[in-house]
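Each of the next two complexes has subunit A plus one other chain: subunit B in the first, subunit C in the second.
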Partner chain A sequence: MGFFVAQLLTGLANAAALFLVASGLSLIFGVTRIVNFAHGSLYMLGAYFGITLMNILPGAFGFWGSIVLSGLIVGLIGVIIEMFVLRPVYRAPELFQLVATFGVILVIQDLALLIWGAEDQLGPRAPGLKSVVRILGEPVPQYDLALIAITPFILLGLWWLIAKTRIGILVRAATQDREMVGALGVNQSWLFTGVFFLGSALAGLGGAIQLPKGGADLLMDLNIISAVFVVVVIGGMGSIPGAFVASVLISVLNVFGVSYIPQSTLVLMYVVMAVVLLIRPYGLFGREEKAGEHGQVGEPDRPIRPAGLVGRSFVAVLLIGLAAVPFLFSNFSQVLITDIIIACLFAASLQFILSTGGLVSFGHAAYFGGGAYAAALLVSYTETPMELAFLFAPLAAGLLAIVFGWFCIRLSGVYFAMLTLAFSQLIWSLVFQWYDLTGGDDGLVNIWPSEWLSGTTTYYYFTLIVGVGGIILLRHLNHAPLGYTLRATRDSARQAEATGINVNVVQWTAFAVAGALAGLAGGLFVFSKGSIFPNELEIGKSFDALIVVFLGGVKTLSGGVVGAAFMETIKDWLTRLEYWRLILGLVIIGVVIIAPDGIVGSLRKVSEKIGLRRTEEFMK
Partner chain B sequence: MSAVLKVENLVRTFGGVKAVNGVSFEVMPGELKALIGPNGAGKSTCFNMLMGQLKPTSGKVYLNGKNITGKPPRAIWRRGVGRTFQITGTYQSMTVAENVQMALISHHRKVYSVLPYAYKLYRDEALALLDVVGMADQADRACAILAYGDLKRLELAIALANDPKLLLMDEPTAGMAPKERINLMQLTSDIVRDRGVSVLFTEHDMDVVFAHAHHIMVLNRGELIADGQAAEVRNNPQVQEVYLGGGTLYKQEIADA
Partner chain C sequence: MKQIKTLVAAATALLSVTGSSLAADTIKIGEINHYKRLAAFAEPYKKGIELAVEEINSDGGVLGKPLEFIFRDDNGKPGEAIKIAEELMTRDGAVMLTGTILSNIGLAISSMAAEKGYIYLAAEPLADALVWQSGNPYTFRLRTSTYVQAAMLAEEAAKTDAIRYATIAPNYAYGTAAVEAFKTNLKKLKPEVEFVAEQWPALFKIDAGAEVQALEAAKPDAIYNVTFGTDLQKLVRDGTTRGLFEGRKVYGLLTGEPEYLDPLADEAPEGWFVTGYPWYGFESGPEKEFVDAYMAAFPDETPKIGSLVGYMTAKSIAALITKAGSTETDALLEAFKGLKVDTPMGEISYRELDHQSTMGAYVGTTAVKDGKGVMVDWEYKAPGDYMPSEEEIKAMRPAE
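Up next, the complex of A and B:
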C-alpha cells in the first residue's frame, strides 16, 4: 500500500513539468493554429537557463527566482521566434509552419551546445526541500510534494487568466474565430505574440522546475516532445484542463509502468493514446476540427502532365550515367549513390501522400524502419532467404500502414500529423524496448544480401533498378486515376464525396501505398548496410524526409527526389562541420520564408520567367 | 408519371430548434423547381438532407421510388443525383477538362485504376459536356485561373457527368453578376429541356426564380407554406406576408416566447 501511494505521488510530481510544457503547446495551438515543434527546445532552454541562474543566485529565493526568471527569458525567446520566424508564414499552409519550427529546433540545439557544452548537467537541489518525507513507510522526496502542491495553483492561475481576464476572453475568442477577433479591432499580431510569450514561458518554467529531478541535457528537447504530443492529443488540442488530466494520466501510468512492466513503459503511453483516440478521436476535452479544404492555402498547385520528350531524355541520360558509375568511379561513390537512391525513394513515397494527398504525415519513418526491421527479423530468426525477406519489407510496411492508416485517416490536418507521429513513436518504442526480440539499442546485425547480390557493384545495380523502379512507379501513380483521385480529395473533399468518391478509402489506399514503398526503401537500406538500429525509426528520420520534400518543393512532383538527392549529397560534407545543425536550421528557416517553392518550384518559376517553359495558361 | 424525387414529412431538429418541420413535396421528371424562402427558413438544411450531408431526424426521401434517406452523398450520386454547391468546389490543381474527367472516372468506376494516364481517360465525353455549358474552348486552362462565373458553369458540367435524373443546385447564381445569372439560369433551363433532367434549386434572386422555375415552393420557419406555379405563389397571402412583412415573423416570435 505504502509503495503504491509513493508511486502515485511520484507520478503526480512528474506530471508538473509535463503539464507546463503541454499547456503551453496547447495554448499556442489554440490561438495561432501552429503546432510548435520547437516547444521541446524551449523546455530545454528553460532547464539550461535555470541551472545557470541557480548557480549565480543564492539560497531559496535564488532557486525559485531562477525558475521564474528562466520562464520569463524563455518567453522572450519565444517572442523572438514568433516575430522573426512564424509571423512571415502565418498565411502559409500548416506544413510550412511545422518545418519552420523544426528549423528552430536545429538552431537551438546547436546554440545550446555552443553555450553550455555537450556534457549533461545535474540540476541543483531545492534549498530547504532536499530531504525525504516518509509516507506509509516509503520515502517521498520533499520536492515532489512541493511540485504536487504547486501544479494545481498553476492550473488555477491559467484557468483564471483564460476564464476571467480580458486577455483570456481575447484568447478564447481567437481560438474560436481569429478573423472575427481581428475584425473587431484587436491587433492579432500582438495577441499572437502575447500567446507565444505565455506558451513559451510555460515551457521554460517546465524545464526549470524539473531541474532537481532531472537536470539538463541536449536530448531533452526531442525526448519530451513526443510525450507532450501524446498528452496534447489525449487531452484535446487547445484544452488546458485536457492537458492537465492527460499529463497526470501519462505520468502516473509511466511510474507504475516502470515498476510493474519495465520493458514496455514507452509502449504503454502510445497504447493508451490509441485507445483514447478510438473512443474520442479529438481527445478527452477536444472539439472536432473543422476540416478545411487542404492544399488550398496560398498558390494552388499546377496541373500536371507526364514528362515530355525532353524530360524523358534527361532521365534516360541520367540513368545511363548512373549505370556507368561502377566503370568510372570507386566503390565509395557506389555506396554513396546507393544511399542517395534509397533516400530518394523514401522521400518520393512521403511526397505521394504529402503533396498529392495533402496528408501531412509526421511519422513516415515507421514504414521505412518498419520494413527494414521486418526483413531483418525474418532473416535473424527464421533464416528466410534474403530474396523473400526483401519482398516482405514492403509487404509488412504496407500492412502496418493499413493498420495505422485506419486510425489516422479519420482525422485531418494537425490531428493527422500528431497521430502519425505518435504511431511511429509506438513502433520505435516497441523496437527500442523489446530487447529480446529486436536487440534494442544494439540493433540487428549480419543482415546481408544473398551471395549473388553481395558485391558492392551488384547491390548498386540492384538498388538502381528497384529504387528507380519504385520512384517511377510512384511518379506514374500520380498521373494514373488513383493519383488524380487522391489529388481531388485534397483539392475538394466535398466535391469528391458528391461525385461518388469515398474520400477516406482513397486516402487510406494512398497511405498504404506510400507505406509499402517506404518499406521497400527500408528493405534496400537494411541489406545495403547489413544492419538496422532503432534510430532509423526515430522522429528525426521522419523529419529528415519532410525536410527534403520541402527543400525540393512541396507543390511539385519531383521535389522529394531532387531534395533528397541534394541533401544526401551535401550531408557528407555538411556533417563534418561542427555546427552543421545551426547552418541547416537557418537554411530551412530561410527557405520557408524566402523561397517556399523549394528547389524544383523555384527553378520552374525562373524558367517560366525567361520563357523556357510554358506558363499555366494552357496545358496541351 | 411518377415523381423523380419524393420527400415525405422531413424533419430535422438541432437541439430544440425545428429547422425543418414536416416538409413534403415531389419533383416530377423534366421539372425545374425552385425552393425559396427568407434567411433561416430551412432551405439549406432541407437541401443538405436531400444530398445526404445531414441525416434527417425523421421522414423519408425517395428517389425514383427507392428510399435514399440517410445515405451518404456518394451513394446518392451513384443513383443519379448531380449537385452543384453554393460555394464552388472544383479541383483547383487540375485543368477544366480534367475536372470533368475526374467525375467521369468515378462514374465509370475507375478510381482505383493504376495503369492508364488519367488525363487521357474519357476526354471526348468531358469535352462534350463542356460544350453543353459553353466551356469547351477553355478545356485546357488551369481551373485555378478561371473567373467565378466560369467555375459555376464548370461545376454544372461536372454535375452532368453521371447523366443524372435529378440535379440539386444550391443557390446556383450566388455571387454572380446579374448578366451572368441570367445566362446560367437560361443554360439550366436549356439543359432541363434538352436532357429531360429534373432540377431542384434554391435561390435568393426572385427575378431568376420567377423567370425560369416551372414550380415554386416557399419555405418559412421550417414549414412549406406554398407549392405551385408562379402566379399562385405570387398571389398567396402567406407568401406575401413572409416576403413583404405582414408582421407574421414578429407576432410569431412573441407567441413563442
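Up next, the complex of A and C:
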C-alpha cells in the first residue's frame, strides 16, 4: 500500500513540469493555431535561466524568485519570437508557421551552447526542501510534495484567468472563432502576443521548476517535446484542464510502467495516446473542430495543368544533365545527389496527401522508415536477394499506410495529424525497444545492394531512375482522376460526397499511395547507406519532410521537391561551419518571412507580377 | 516543373561542391562526430585530438608531412555520417576515417567502411559489436571494451557477500550489453548471486523517482549502474534523497569518468566502485605529462576521458601511418596488425584477433573532496585478463 501511494505521489510530482509546458503549448495552439515546435526550446531556456539566476540570488527567496523570473524572461523571449518571426507569416497557409518555429529551435540550440557551454548542469536543490518525508513508511522527497501542492494552484490560477477575466473571455472567444473575435474589433495581434507570452512563460516556469529534480542540458528541448505533444493531444488541443489530466495520467502511468514493464516505457505512452484518440478523437477535453471551416484557408489554389512545352524541354535537358553527372563530376557529387533525390521523393510523397489531399500528416516517417526497415529485416533474417527486398519496401510501407490510414482518415485537421503522429511514434518506439528483432538503437547493418548495383555510379543511376520515376508518377497522379477527386475532397468534403465521391475511400487510397512511395524512398535510402536506425522513424524525420514541403510551397505541385533539394543542399554547405545550426535556423526564418508562399509559390507570384507568367483567370 | 527545379538546385549544389581542394601536402584524416548533438562529450575529444596533432606536427609530422584532421559534424544521424564519410574519402582526400561516440553511428560507418574498403578507427563507441558480432576487416576500435570494464566491476563485486543484485541501465544496445557482461562475469565468479530487478530507463529520459522506487522495492544487496550523463545525475540525486544507496554497494560503469562525475559536484555519490579517469591523482609518468600538457594547452579546462581518447586516437593514427610508411589502404591494413602505440596509459596495441586495442581502464572508489567528485584508491587495469577467450571471440566475429 505504502509503495503504491509513494508511486502515485512520484507520478503526481512528475506531472508538474509536464503540465506547465503542455498547458502553454495547448494555450498557444488553441488561440493562434500555431503548432509551436519550439516549445521544448523555451522549456530548456527556462531551465538555463533558472540555474543562472539561482546561482546569483541566495536563499529560499532567491530560489523561488528565480523560478518566477525565469518564467517572465522566457515569456518575453516568446514575445520576441511572436513579434519578429511569427507575426510576419500569419497570413501564410495554415500550419506554415511551424516551419518558422523549427528555425527557432535551431537558433536557440546554438545560442544555448554559446552562452552556457556544453557541459550538463545539475540543478540546485530547493532550500529547506532537501530531505524526505516518510509516508506510510516510504520516503517521499519534500520537493515532490511541494510540486504536488503548487500545481493545483497554477491550474486554478490559469482557470481563473481564462474563466473569470476579460482577457480570458477574449482568449476563449479566439479559441472558438478567431475571425469573429477580429470582426468584433478585438486587436488580434496583441491578443496573440499576449497568449504567446503566457504560453512561453509557462514553458519557462516548467523548465525552472524541474531543476531540483534534474538540471539543464542541451538535449532537453527535443527530449520533452514528444511527451508534451502526447499530453496536449490526449487532453485535447486548447484545453488547460485537459492538459492537467493528461499530464497526470501519463506521468502516473509512466511510474507504474517503470515498475511493471521496465523495458517498454516508451511504447506505453504512445499506446495510450493512440487508444485515447481512437475512442475520443478530440482528446479527453477537446472540442470537435467546428464544421465552419469550409474550403481552404487563405488564397485559393491555382488550377493545375500539365507542364507546357517549355517546361517539358527544361525537364528533359536537366534530366540529361543529371544523367551526365558521373562523367563530369566527382564520386561524391553522385552520393550527394542520391541523397537529394531520396529526400525529394520522400517530400513529394508527403506533398501528395498534404497539398493535394489537404491531409496534414505529422507521422510520414513511419512509412519511409517502415519501408526501409521492412527491406532491411528481410535481408537480415531471410537473406532475401536485394532486388526482392527492395520491392518489398514500398509494398510493406503501403500496407502499413493502409492499416493506419483506416483509422486516421476518420479524423480531420489537426486531429488527423496527431493520430498519424501517434502511430508513427508507436512504430518508432516498437522498433527502438524491440531489441531482439530490430537491434534497437544499434539498428540493422550490412544491408548493401546486390553486386551489379553496388558501385556508386550504378546506384546513382538506379536512384535517378526510380526516384525521378516516383516523382513523375506522383505528379501524374495529380492529373489523373485520383488527383482530381482527392482535391475535391480537400476543397469540400461535403460537396464531394454529394457528387457521389466516396471521400473516405479516396483519401484512404491517397494515404496508401503516399505511404508506398515514402517506402520506396526508404528502400532507396537503406541500400544507399547500408544500414538503418530508428532515427529514420523519429518525429524529427517526419518534421523534416513537413518543413521542406512548406518551405517549397504547399500550394504548388513541385514545392516538396524544390524544398527538399534546397534544404539538403544548404545543409550540405552549412554543416561544415561551426555554428551551422544558428545559420540554418536564421536562413529558414529568413526564407519563411521573405517567401510566405514557399519558394515555388513566391517565385510564381513574382513572375506573375513582372509578367513572366500569365495570371490566372480567377485572380483578375 | 518540379523536376526542373530539383535539377536546378542539384546542379547549383554540384557547382559549389566541386570546387576542389588541391592543397595536398598534408595527410588528411576524416573525423566524424556529433559535435553539436553531444557537445558535452565531443568537445573534450576534439581538444585531445588537437593537442596530439600539434605535438605530432611540431615533431615533423608523419612521413615528412603534417597530419591534418578534417572535423565534420553529423548531427547525430547515421545517414548523414555515411554521406560525410563518402565525401571525406572521395573528395577531401582523407586516407582513413575515425571518430563517433554513438554506437549506432559507429556501426553504420563500420559497415560502410567494409563495403567500400575504407579504414575506420572507431574512437569512442561503446558497443563491442563493432569488433565482435559485427566486426569486419576494415574496422578497428580504440576505446576500452565495455565487456572488459563490466568484468572488472564484476570481479570486485564477487569479493563481497552481496547476493541480491539490481541493475539499472539505459534501454538501448549499450546498456543491454553492459548488463549482460556484468551478469555473465559475476555468475561465473559467484554462481549463487541473484538478479532481483532490472530497470531500463530510456536513454536521457529517466524518470528517476520511479526508478529509485522500483529498485528500492526489490530490496537488493547491491546495485549495478550503467546510466550516465543527465540520467546519472537524476538517479544519484533522487537515490540519495530517498536513501537508496545507504548500506548498499554500488558498481558504476563509466560513473568515474569526469564527463559524468564533474557535473555532480559535491553531490557525487560516495563509496561507489567505478571505472573512470582519475587524472587528478597522477603523480608522474606519461599519464601526468598528458594531463599537464592538456591543461597548459587549454587553461580553462580539466581533461576528460574523451580528451584522452581523442589524444590516443591521433597518436594511434600517427603511429599507424609511420609504421605503414605509406597512406595506401593495403599498407595501412597490414600495419594495423599488432600495431603498438605509446600513449599516456602506457603502450597499447591493436590485437590481430579482433582489431580491439588493449586500452585498459582505471577502477576505483568514488569520494567527495573539496566539493568535487573524485576517484580514490584507484588502479589501472590492463584488459588482457578480462577479455572473452580467443575461441569465444572467433565464434562471435563473422568469418572473413
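Here are a few things to note about the model shown:
Convention: the second predicted complex is superposed on the first by the 593 of 620 C-alpha atoms of A that agree within 3 Å, B and C clash if a C-alpha of one lies under 4 Å from a C-alpha of the other, contacts with A are read in each partner's own complex, and residues count from 1 in each chain.
Simple rule for what comes next: a contact is a pair of C-beta atoms (placed from the backbone, for glycine too) under 8 Å apart; a residue touches a chain by one contact, two chains touch by 3 or more.
Bear in mind the structure is a predicted one, so any value in this text is a computation, not a measurement.
When both complexes are superposed on subunit A, subunit B and subunit C end up sitting side by side without clashing. In the superposition on chain A, no contact is made by A:95 with either subunit B or subunit C.
Shared-chain residue A:482: touches subunit B; no touch with subunit C. In the superposed model, more residues of subunit A are touched by C than by the other of subunit B and subunit C.
With both structures placed on the common chain, the touch criterion links A:572 to subunit C but leaves subunit B unconnected.
When the shared chain is aligned, subunit C comes close enough to touch A:218, but subunit B does not. Contacts of A:506 after superposition: subunit B is touched, whereas subunit C is not reached.
In the superposition on chain A, A:18 contacts neither subunit B nor subunit C. Of the two partner chains, neither subunit B nor subunit C is touched by A:237.
In the superposition on chain A, A:118 makes contact with subunit C only, while subunit B stays out of contact range. Closest contact between subunit B and subunit C, by C-alpha atoms in the overlaid model: 17 Å. Within the complex formed with subunit C, the residues of subunit A that make contact are 3, 6-7, 10-11, 13-14, 109-110, 113, 118-122, 125, 130-132, 138-139, 141, 144, 212-215, 217-220, 223, 254-255, 258-259, 262-263, 265-266, 307, 311, 314-315, 318-319, 321-322, 325, 329-333, 335-337, 339-341, 344, 348, 432-433, 435, 439-443, 445-446, 448, 454, 456, 468, 471-472, 475, 525, 529-531, 533, 535-536, 557-562, 564-566, 568-569, 572-573, 575-576, 580-581, 600. Note for the complex: subunit C touches subunit A at residues 1-14, 16-18, 20, 36-37, 39-40, 42-43, 72-80, 82-84, 86-87, 90-91, 103-104, 107-108, 110-112, 114-115, 127, 129, 134, 171-174, 176, 198-205, 207-211, 213-214, 217, 229-230, 233-234, 237-238, 241-243, 262-265, 267. Those residues of subunit A that touch subunit B in the complex are listed here as 293, 295-296, 300-306, 476-477, 479-485, 487-488, 490-492, 494-495, 497-502, 506, 509, 616-620. Only residues 51, 72-74, 77-78, 83, 85, 89-95, 98, 101-103, 105-107, 110-119, 121, 140-145, 158, 161-162 of subunit B touch subunit A when the two sit together in their complex.
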